[in-house]
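What follows are several structures.
Look for chain A in each of the two complexes below; its partner is chain B in the first and chain C in the second.
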Partner chain A sequence: MEIMRLVVAGTVGAGKSTFIRTISEIEAVDTDKAATDETALLKKKTTVAFDFGRLAFGPEMALHLYGTPGQARFDFMWDILIRKAHAYILLVAANRPSEFRYARQILQFMKQRVRIPMIVGLTHMDCLEAWDLETIKISLRQLEGKGHPPIITVDARDEASVAEALITLMQLLMQTREAAENSMNSP
Partner chain B sequence: MAINTEKLAHLLQEFVTVTADVQGAALVTPDGLPLASSLPGPMDEERVSAMSAAMLSLGERICKELARGIIDRIFVDGNEGYGILTSCGEDAVLLVLANRAAKQGVLMLEIKRALESIKPMLA
Partner chain C sequence: MSIKGTFSDFSLPEVFQFLEQGQKTGLLKLRETPDDRSAHPIVHFVWFYQGRIVAAADRADRRGLVKMLEKRGWITERAAEKIFAIYSTPTPMGLCLKAHGLIHPEQLHQLFYGQVIRQVCDLFQLQTGQFIFDPDANLPMAEMTGLSQPAVEVTLTALRSLKDWRALTEKLPLPDSALVSVTQGQPSMKLVAKEWQVWEFVNGNTPISTIAKQLRLPVDEVIRIAFRLIVVNLAEEVPVPFIEFEPVTEDFTLPDRAMFVQSEESMEESMEESMQRTDKVPVSQSFLKSLVGFLKTKV
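Coming up: the complex of A and B.
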């Protein structure tokens, strides 16, 4: 059984813990604590170490999902988790454009440490204040160079939607692997 | 009643100064924000706070899922010294850093005493 470690990163309140809780086959391990900073305006509880969930992906593969805390003061956890990851998804709440900049900073943090497949997942798309997909794409890509990560929308509360996001990420991971193998085999 | 942060900081400072072999202490919220601290120079209060909260939350989780009861403390034993995390009521976590020369029994007793004087100040 091959284990793939996937990290769920992203801004505060984007739905990282929900994402893992929705899809995990075991009862997700969470490290929620009452929020006392500005996070409390969004939600009561916040992750302080990591979330963990697991699910089978086909007969010979298991996905281990690790959710990071959103706040930058926990960036040592981002560092610990991302270094062991095979791929990651960056969740961004579409209804809080003020945090897009922060999302790019998280992406930078990860890119400085690892070169692994990743996708961006836009959550909260059904909220009234949510920007539309095209505008967000432009906004998020502004400072990106070539090789943009795929941007998808995902509803962290919906199992099918989360599964779809994971499949997209896994397909990307497999493509990257195959490409690496081919380049190794070619003379 | 409002929390007297000055008094808290003073109390921690005194604890670090008076207690033999203790090098630093920090009182943080369970979600990893600093309340008061007296730390060695290069250590960043925010980072220390977040790490303390993360570590204690994992310890609590281990206690719960692996049926170890209610957590008393987390003891980090390094070749240069100790780091001890203790829950300080519902609203705070106490981190104490001590050097290798510290006697563990004394350290635990001193921490227990410090907790007793800190807790009423947070109530």
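Coming up: the complex of A and C.
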């Protein structure tokens, strides 16, 4: 069985749980437990809660989706989730500029720990209060150029939109792999 | 499109930060919410040209600069406006007066400092209010000295002299956070000694409280220095690692950092079991292709 772990990170109100619920074939689990060796040691100190969803697309293939803990502060669960992830999507609510700074912190947090493919998904772009794409890019310090992730618009409630976001991320994975293989094969 | 929000969304230094990063030109209007709700809100104006601050005023009639000149006894309002009217092409008031020998370059700098730096310092103390940036606003030649400064440099200067930090309390980094550099190499802007000292600890691992101990400075002071480094695009606040991890040094494009996937896992394996696994092997290309194919059926 091949399983890929995808982390859905995001700012408050960006739609992480909805994103997972929309695409998951099982009812997304909102858990307050994570009985891992690492968490067991730390569990006494805090409550762990994150969303989990799954998408099986073959007899031996499945995608697992993990939502980062809902509170607006990082904790050890973030470290555990991201270290085990193969890729992640950062969801940012375009209508909540007060959260952009936190989104930047998430990007730095991830960058510091892993180098895995990622994209930024802007949600709530249809809201009146939503900031435009260019300004959000500036606020997130993600202007066009090398090293910056693709930024897409996503409606977390819409299955087609979520699927498109995942396709973008998977295509990034494939391009990355091809580039790595080409560089290995070149003299 | 206008950029708008409240001071609870963004602190003013942060607004300046992204206006500079976006190299914006236009007018930033700040509507201060008065303590007395029956009173009229006070409006402040800051003009930008390609991310640089060119003028600031607390009045809309474009007479702020001439009033400053008159107050200092350098020239009367009437004389200044007479000279200004001579110019058929848009020219900043300060440059018009300088060209006629009515004020010296040093006076021009003093005017800019008084008009921009001091006003911005006062604006940083506004606790509640709204901002709106109008990219279509014309530059106010009558309010301009002809000098300008990058917005983050104005921020740095203003924050260094800021005494009352209450308006920024919610935006300050936490004592248990660390700082990580977001600039290539060393800072190009001029930092003061204490800022350099804190900069030495911008490694993503050292909590601000520890930096304070090491430097024997009050934690509050280091927090404020850290905030300065953040809003001038030198550093970012990050949480210190909660569990031990190997710092990332390679790019994910390298084969051993390529995508990984769990193998030999049963369909029934629970989320907890999945999370317990630590071994990772590269994902197969067929896995990715199958997943993309499957997702396309949902689009």
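The rule is simple: the second predicted complex is superposed on the first by the 151 of 187 C-alpha atoms of A that agree within 3 Å, B and C clash if a C-alpha of one lies under 4 Å from a C-alpha of the other, contacts with A are read in each partner's own complex, and residues count from 1 in each chain.
The definition used in the following text is that a residue touches a chain if its C-beta (ideal position, glycine included) is under 8 Å from a C-beta of that chain, and two chains touch if they have at least 3 such contacts.
What you are looking at is a predicted structure, and each value in this text was computed from that prediction instead of being measured.
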In the superposed arrangement, does A:74 touch chain B (first), chain C (second), both or neither? both
Does chain C touch more residues of chain A than chain B does, or is it the other way round? C
Once chain A of both complexes is superposed, is A:128 in touch with chain B (first), chain C (second), both, or neither? neither
Pick one for A:26: touches chain B only (first), chain C only (second), both, or neither. neither
Looking at the overlay, does A:114 come into contact with chain B only (first), chain C only (second), both, or neither? second
Which residues would you name on chain A as touching chain B in one complex and chain C in the other? 29, 31, 33-37, 73-74, 76
Write out the stretch or stretches of chain A touching chain B in their complex. 29, 31, 33-37, 39, 46, 48-49, 69, 71, 73-74, 76-77
Of all residues in chain A, which touch chain C in the complex? 1-5, 23, 29, 31, 33-38, 42, 52, 55-58, 61-64, 73-76, 78-81, 83-84, 86-87, 97-98, 101, 104-105, 108-109, 111-117, 131-132, 134-135, 138-139, 141, 143, 159-160, 163-164, 166-167, 170-171, 173-174, 176-177, 179-181, 183-184
Using the touch rule from the top, collect the residues of chain B that touch chain A in their complex. 29-33, 46-47, 49-51, 53-55, 57-58, 61, 65
Which of the residues in chain C come into contact with chain A in the complex? 1, 3, 5, 8-10, 14, 18, 21-22, 171, 180, 182, 204, 233, 236-239, 241-243, 245, 247-248, 250-255, 257-267, 269, 271-272, 274-278, 280, 283-285, 287-292, 294-296, 298-299
